[in-house]
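Okay, so subunit A shows up in both of these, paired with subunit B first and subunit C after.
So, the complex of A and B:
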């Protein structure tokens, strides 16, 4: 479980990009939504340890910044643009190695991840020769490496057509079942079936952290996603513990 | 993790088009320059040829700099998604670029090895030339890529490549123009700074006594260490920048490396050879005749970079005087100077040593040590001692001399030398010790890759590593074609034929003779021109 307490972060002195963030994120699929500049990317960077603010971030009580913490988290950036001249197999092997998978288990782990993401037929292909959809699947396979408990997906379907998006969500649903998955996204329409909970950020604050069903019915009537978005953008923190 | 990152970076470097292009240009450029130079010049051996590729070095510097810039700006997406600390991914990339680029050292290695075997110059010569060639390229690689990576990483812009131009000027022989302008004619300082900043070999037209080309001496090795510590200092600075906050470990690494860099830099300036003029060290024509003469030299001499002398010099009066002024080179530090077991009363000023109130006949017991390293104004290292060679020419005061003293002296010396020793004095070789017992008016010693042959009662001494020169033809040119020779006492060129001598030194001797024969009492020095010119006197 991901636990964040009193997280504050600013890029400059006297500036708060994130304001007193407190979150407990359990296993399941959590959507992280918010308009541009709301602090989504900054929060992700803090969770992945690339930025450090005040407060604490822990996964299963292991603090952010430690080597063990890094092994418990996987991150799939918006554009999985890794070294094009490497083969898919080599990319997955390096990721496995860097995520602390023992040498003797690397081959098996790569084969398993490739099988689960349906990339096993492309392992010997150079990454630059892969289609965009294939590259995303390689990214998922990379996120499967090691013993990650928390998976962060940053705008994973930006610029992807609806058909491919559905395929992508199906794959991550199958692959990351039982893990804590945080998906930063703008597009709510076709991700609903996946979502267990939702976190909304506005101007660096958490304005809503609710189970997804509760979020949908929170206005007490059949509200559109746009209405919900507008409502929670201005709301005070609405968090169900 | 570091090992895995190194493996990753090496794969990326060896698979990149830029690196292939770099390798192609280095090989192609080297082949092109080699073909150009070999087609219109003559070289005494392959090391001398290798050192004339100065323009290729500058091209190589630009390419190495650009390769480092390219890889410093490569995105680390894979490392980032695995949460590898930025400092670690950047640090390993920096080292990987240098290690992978160092594979081009296979060129000097193969060139030196194959040429050495073809020219049959012997295992020691091949070994020192291979070490020299590889280290010389490593210095260029370290300096060019360290600056390239730093600039590329800091600026993170395509314009970083433009910095290759000023850095190439600063770090190659081209900087002579800059320092010449900065020090406005102070050639000693100009060359010291120029050589310090240059990643290339120092004396492009300089050559040692046997035309073997440069070797890894103390000065060159210190230069290599300077490159290593410069690289380490900048490595830690890059780590510090990548961490984005002060870390004690990275900063202390940078400081410690910088301290070593400063220490070795100071040492380098001390080691840098001093320039001399011929009138100061060799052809002193304005002799002040002394009422004393030297009768004998005996004792031990150890020829190495810091040569050691433990000798007794017999001095006899030829007139009345309260003091005697001898000449001994100022680079030699006197550890003790005694007469009859008591410390002598003496003064030193430059090369002059004045001993007060001596008896009519006395023996000076002298212990001194020093690094003789002089470079002529033609940029040639031609008075020096080192582990594998030395050049102590006849007019040079490496043993105490008295100006104008042309008397016969008895030499009973034991000389330790790391390589073949030759002299105008007769000697017997016992391992690395040469036992000398002979009399002559002057003495000279040369050591290095040298050999000797006898023909018609004349002993010829010449470079054993120079298999290409027809030494008989050289001697014939000096004897028959030239009607001029150099008078070392008058420091001038004289018309006429010189008398045949029993010993002939066909070696690179010293600047100032215009490559004319320099006859002495019982031997003649045949300086036979530069390695890339037609051999023989310039007339």
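So, the complex of A and C:
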């Protein structure tokens, strides 16, 4: 599905923010974890095509940078805040246009996405007047537009209370079933609730890429997520699946 | 194919655009903007003096900058620019094509009122100056249309440029308003005929010229600021 080979990236000439990243990510929920400054956002920006490093990134063999690639990927930033003065329906129609949904299908697509995310009752509400939880659901509805195969969610539960977080997990599990979903987070609750597999980044390197079950038993004993986090944060060797 | 919705652009600017149209209609309800005093310079060229450029350029400048800053707000404001950047639309579609669209739309709204204004000024010249029995020259509609269309081009471009620099509608508008105050106060003395609103404040408008000095300056600045805005958008997308 998503294939990354020999990806290197630096913001400055002699600096390496991402170092020789090699990943194959299949369908399911993959949690991209790592401490602040580990390169998670940079990797996401590379995958979404906003930054370009050396190496290759492909989805189903379609290279990053092409219009077809952009159609296959949906990105939901931590703060979904585009045209806040418009109504929810108008925002979703705008995103549908950006995703290349044919004009005659936009209305249906918006209605379907709103239905799946339980935002259909709020379509005529101004986005800026929506609650934070509702805004996140609108963001998910936006990510459902088009025919995306890879969904990238950047710290989607940051600043969300535990109750809303549970609701959010349910919604994204229902909406993105069968897709390749990459969620950047450093919230352990996200990992426990969603992870099918884990990618751990530390200082720009992949230090672990394992199915969640193997990740939990990877130290050869029962370990807590905090212990695993600390272990792989310090790990020097790249431990790729 | 990915596209930037024209409907969304319209929804984003509908209120300031409506205010611009209402202002242009409101202006036509008065006689004062179209009063002129005419005469001949020592070099035997005609001149006309009045407040028309305050009404037809300076105030319009404020409305146009507001419209354009709303129009490009989501293109440059950081969280939304970052989000939109992930859809793979290039600078050409995101900025340049939309710049052309808003320019055409604003010129289409503005220029008919310019023509109407010239018609009313000429009617005043004919009706009043003739009574004094002095020789007079009617205003050239094409010359004023040229000046005003270049001015509109400049207002749109400078707002785009400042939005690309500041990535904020508020900073852009504060900067433009501050510059507007300078034009009302000291710029005519400092820049002379190169002041952007030359002819509006304490100076004689060049109503008989196609390309007065300030119009030429606006064209030159536009030629610099437009590519600079496109480059800024391209390099700062992420």
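Quick note on the criterion: the second predicted complex is superposed on the first by the 233 of 241 C-alpha atoms of A that agree within 3 Å, B and C clash if a C-alpha of one lies under 4 Å from a C-alpha of the other, contacts with A are read in each partner's own complex, and residues count from 1 in each chain.
Basically, a contact is a pair of C-beta atoms (placed from the backbone, for glycine too) under 8 Å apart; a residue touches a chain by one contact, two chains touch by 3 or more.
Values in this document were obtained by computation on a predicted structure and should not be read as measured data.
Enquirer: Should subunit B and subunit C be called a clash or a fit once both complexes are overlaid on subunit A?
Expert: clash
Enquirer: Mind working out whether A:117 is in touch with subunit B, subunit C, both or neither, as first, second, both or neither?
Expert: In the superposed model, A:117 contacts neither subunit B nor subunit C.
Enquirer: Once the shared chain is lined up, is A:75 touching subunit B (first), subunit C (second), both, or neither of them?
Expert: Touch status of A:75: both partners.
Enquirer: Now for A:30: first (subunit B), second (subunit C), both, or neither, which partner does it touch?
Expert: neither
Enquirer: Touch test for A:98: subunit B only (first), subunit C only (second), both, or neither?
Expert: both
Enquirer: Which partner does A:51 reach: the first (subunit B), the second (subunit C), both, or neither?
Expert: Touch status of A:51: second partner only.
Enquirer: What stretch of subunit B clashes with subunit C when the complexes are fitted on chain A: 312-320, 438-446 or 528-536?
Expert: Stretch flagged for C-alpha clashes with subunit C: 528-536.
Enquirer: State which residues of subunit A lie in both footprints, the one left by subunit B and the one left by subunit C.
Expert: Correct list for subunit A: 48-50, 70, 73, 75, 77, 80-83, 85-86, 90, 94, 97-99.
Enquirer: Which subunit A residues qualify as touching subunit B in the complex?
Expert: Touch residues, subunit A against subunit B: 48-50, 70, 73-77, 80-83, 85-86, 90-91, 94-95, 97-99, 142-143.
Enquirer: With touch defined as at the start, can you tell me which subunit B residues reach subunit A in the complex?
Expert: 1, 4-5, 8, 11-12, 15-16, 75, 77-84
Enquirer: Residues of subunit C touching subunit A in their complex?
Expert: Residue list for subunit C touching subunit A: 1-5, 7-8, 11-12, 74, 79-80, 82-89, 237-238.
Enquirer: What residues of subunit A sit close enough to touch subunit C in their complex?
Expert: 45, 48-51, 65-67, 69-71, 73, 75, 77, 79-83, 85-86, 90, 93-94, 97-100
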